[in-house]
Amino acid sequence: MKTKKFIFNKLIEITILFFIILTILFFLFRAAPGDPITRMVDPNLTPEDIQHLIAQMGLDQPAWKQYIIYIKNFFTGNLGHSFHYGAPVSSIILNRMPCTILLFTTSTLLAAFVGVFLGKIAAWKKGSRLDNFLSIGALLCHTLFIPWFALLVLWILAYKVGWFPLGGIISPELWIWDTSIFIKVLDVLHHMFLPLLTLFIIHLGSYLLLMRSSMLGVIKEEYIITARAKGLSDKVIRDKHAARNAALPVITSVGLSLAFSINGGALTEQIFTWPGIGRELIFAVSNNDYPLAQACFLLITAVVLIANLIVDLLYAYMDPRIKY
Amino acid sequence: MKNTKNRPENKNHYVERFTKGWAIYIKNPMGKAGLIILLIFMLMAIASFFVPLLGPVYDPMTGADPNITYSTGPSFQHWLGTDFIGRDLFVQLLEGAKVAFIVGLSCAFISVVLGTAIGMISGYAGGIIDTLLMRVADIFMVLPSLVILLILASLWELSIWVIIFIIAIMRWPSVSRIIRSQTLSLKSRPFIEASRVAGASNFRIIFKHIMPNVLPLAFLYMTFRVTSAILVEAALSFLGFGDPGQVSWGMMLQWVWSSGHMFQAPYWLLPPGICISLLTLSFYMLGRAMDEVLDPRLRKEGEGE
Amino acid sequence: MTEEQNNQTPIIELNGVTKEYSSKKNFLSKGEASIIALNNISLAIQKKEIFGLVGQSGSGKTTIGRILVKLEEPTKGIIKLNGKPTNNLKGRLLKNYRSKVQMIFQDPYQSLNPHLSIAETIIEPLVVNRIGNTATRREKVIETLEIVGLSPGQEFFHRYPHQLSGGQRQRVAVARAIILDPEFIVADEPTSMMDATIAIQLFQLLLDIRKKFKMTFLFITHNLAAAKYLCDRIAVINNGVIVETGIADKVIKNPQNAYTKKLILAQPGFNFKN
Amino acid sequence: MALLRVENLSVGYKSKHGLIHAVNNISFSIEKGRSLGFVGESGCGKTTLGMTLMGLLPENASILQGDIFFNDDNLAGFNDEKWRTFRGKEISMIFQAAMNALNPVIRVDEQIAEVIAIHNPQMPRTQVFDQVKKIFDLVEIPEDRLRDFPHQYSGGMKQRAIIAMALACAPKLIIADEPTTALDVIVQDQILKEIKKIQTALNTSLIFISHDIAVVADVCRDICVMYGGQIVEKGNREEVFQSPRHPYTRSLLESFLTLDSNGDIKVPEIRESPDLITITGGCSFAASCKKKCEKCENRNPGWVNLSSTHQALCFEEVIHKD
């Protein structure tokens, strides 16, 4: 019952936040130098169509009316028309979304699990050769410059050795012909490997470091001494008593670092020409396709907000002391 | 009376604390390594002021070697080679070091000053002020800074200082959250209450009692902020949205990528990336070593008390 | 409520003081239950006495102390200092009040700012109340240090909290409390973190100070034996309600209230019967 | 034969300033079913002693010399593996409840069940939990609180759960380190009664460590008074508390406040804590001793027998000087 109320309250908060961001975005686009009409309406359209669009978006109206129309359009799913694709923005981003979610969630979850696992081991053997190796490795991963690392990976593993494709998500020839679903999945995985590797390496470092320092704090707690006094084995103390407590702050930081991970995600998509939201955003921004850029941005914001809610719930689930 | 004795004794305490902290710091191999790398980059940044004086060829932006019209590998004349219009890559690398330092340090400084001030006010004032400030922080916190910069860069042409300012604005919330929680825990400490009971004003309590206790933490966060600021600026430049009038490491990578040399010219691809990673790494190591100085829990047993 | 009411006005008087805390989480979920920390407390403390407030943790004894030094305001009820009501004081009046009522805190490790020297800590009340100049302040600090048994004062003047033992720190806290010559001092479990032999030294110091400066103390404690040793009168508090008040010896020898009896029975002693 | 026999035990901590002799040449023994109290002020080494007996010394501490005989085993020579099968089964420990000795994210019954399970690997799960229920009955925690998390417990209940944990495998020796320090007087009284009741019921040996003389006197029949890492006086409680002979024990008792004490309290002089790093030849209490003579400062005191059970670490002349 209380959990439901908590979720409900959180949803309201998120909605308010989202609208604040939406509003700021609206005024940003109006405040920028130049003519908002040319910015919002595709110049390639016929004059009649342009007139139609101007009326539809209220661009001939005063600013406050435009704002109301803008909100109304947003609710009806009308996010404008992409200049470049000449198609409704909403359909484009819906098309790109699965690719991003596939890459992003896989890499985040994988990195979180491996990072937490290695961080746990490193902290438990603090000062050992393994710990030094893992910590320095994690530090290097954490401070890598993503696009550079991605280019390096691309250069060596795709260009020099040729094990993986240079970019994209599928090999078109496989999809034209009737091939089994199994081969198609393998093909996607083959394409996904390099971007996944890049994002995995980058996130791994920060999760490892976080878990390690969190674990070092927990090891000093009294209940670890109690556990030792019981005669439990090292492994049980580490995994059951220490790691579960140490993982809690790591969960919180997953939420807090989401915004940061999105930066990395966009850069990775761009270099591996992975057809996701991030790449679409960079593309839209480079080509002054403003409606598309706006829509991508709003989608990213919504995803981050919802992901934060999930993280909060997960935390409450993991920590019995918190009951919403 | 002998009031003159007051001052030097006072100073001694800080000197003593510094030397003590330094002794712990320098024992940490990570801190030592970070400091050495940092010093090398500082030398590079300083050198960037003098190298262009050698001749117009050595200007990182406009100094194209007239004899070279395509990208060449390392040579005696151009230690790291040249880019596709004959500009010296080593000179560009030096210039990049300067830019990275300017971006990193000024971003970190602005965001930490802002974050510390807001965090202290928010934590100390509590109530509605706290709620409002932290909600604003939440908004900034969920926004991916690179994406925001991209949107803004598409609407305006951003100069390096504007970029620095925007990154700083995006980065204060995490600092102020930490300072706020520190302030909250300090606020309920008896020594703050004792000072209130003695009749001290809020102003005095914040500056005399809370600030000295949060400053080390703020300073620590400054080193971490440097790292993220450098990375964001480099990413922006790499995507082609940096200050077009300013050579930077990100810009060099943008050129090698967009000119299609990335698989042909490792002498061009490798150095800027290594520099970015190494410089951020050195700041990070600096911060971690400082963390150990500040956090007695992580100190080796027996040295604590 | 108190026997033998002398003609003097009491220095501190609490009249029907109630304190509630509401457990409000955020602005969306409005406060549900409120916790009553103090329920209709009435007390009068006479000049020059050491008044003991005995209770277990969570009984509300610390809240009374905090209300008296204006770290908190009561939800209901009146507090009088020398017969004058002192609720909701602001600005100069508050400063004036605080120069008369001071506090010694429980934890000597937490009650001194680690970044300030002993001198800076003790001098603070003088500075914020703009009393004296640099030279006279210095003299006053050294004098106070000697009073609390940290002599020679010069030697402690420039030290920092981490260079002192727990007992010495608490003496610094005492010095800070008495430097303004207050009329009334709240001592909130000043010895609960100390060894018994150090604690008794501090009690001795408080007794000396009372004799020398005619100060009044409210001594908050969970230790009945300490209250009996130090206090003239005591009040026993349980769940925010005062259950018994009276002369310390009498209350302990002949408790009237069931809770007080239980408390006395629970004290470990040297009876080797079993 | 004594259950536990400690001989010439010294434990040191490495520190920046040198080796800290936290426990210095201690010998004592405890029989089956007896209760032995260690009392002393902070820094006297009593907690270090308890941790040494459990094999739980921190990394920078080590046993410098001496033997700890438990039945036929010498605990001083145990390795990690041996300790693991030993701790919780033969010797167990009751910790201070406020120190967050229970893991906050694991249910209480599970935390107790795991002690039983680890030392009885072949016992089926249902039987383990039956055992847990029995122990909860013994320490008087209601059965419906079994599945709670520690934060849902009050201080007194947490302490009962910790006692239950220590009892889980019916150990031969229980070490209680300040088990009631953070508790209110009334709860403390209940817990102390609980400990006494269980100790007599199960006939286990008990080592009880506290800074509170009255608490130790309440629980234990034999007493060791510690100062500066050494035992300075030992005997049964009547001897130690009713006719203390060591100057330190005396000053401790003279300044101890009880409900019965009238104006006979003596305020001790302010004294420096003993230096545990530079061990000089001489009594560690000499600097604060009112009755000290010349040789106190440069010769080590020896054990003075006062009765068959009562001994003090002092010089004959000093003890008999009044």
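By letter and in written order, the chains are A, B, C and D; residue numbering begins at 1 in each of them.
Note that in this section contacts are C-beta pairs under 8 Å (C-beta built on N, C-alpha and C of every residue); 3 or more make two chains touch, one makes a residue touch a chain.
Please read these numbers as outputs of a predicted model, since none were measured by experiment.
Comparing each chain's Cα centroid with the centroid of every protein Cα atom identifies chain B as the most central. In terms of C-beta pairs in contact, the better-connected of the chain pairs B-C and A-B is A-B. Between the CA-based centres of chain B and chain C the separation comes to 47 Å, rounded to the whole angstrom. As a whole-number value, the distance joining the C-alpha centres of chain A and chain B reads 24 Å. Distance from the chain A centre to the chain C centre is 55 Å, each centre being the mean of its Cα atoms.
Distance between chain B and chain D, defined via averaged C-alpha coordinates, is recorded as 52 Å.
In chain C, 26 are the positions where the chain touches two or more neighbouring chains simultaneously. The touching residues of chain A, counted against chain B in their complex, run 17, 20-21, 25, 28-29, 32-33, 139-140, 142-149, 151-152, 154-155, 159, 216-217, 220, 256, 258-260, 262-263, 266-267, 270, 281-282, 285-286, 288, 290, 293-294, 297, 300-301, 304-305, 308. On chain B, the positions that touch chain A within their shared complex are 138-139, 141-147, 150-156, 174, 227-228, 231-232, 234-235, 238-241, 253, 257, 262-263, 266, 269, 272-273, 276-277, 280-281, 284-285, 288, 297-298.
Looking at the complex, you find that chain C touches chain D at residues 56-57, 149, 165, 167, 195-197, 200-201, 203-204, 222-226, 228-229, 252, 262-270, 272, 274. Every residue of chain C that touches chain B in the complex is listed here, in rising order: 26-27, 69-71, 94-95, 98-99, 101-103, 105-107, 110-117, 119, 124-125, 128-129, 134-135, 138-139, 158, 160, 173, 176, 180.
Of all the residues in chain A, the ones that touch chain D in their complex are 221-223, 225-233, 236, 240-241, 244-245, 248, 318-321.
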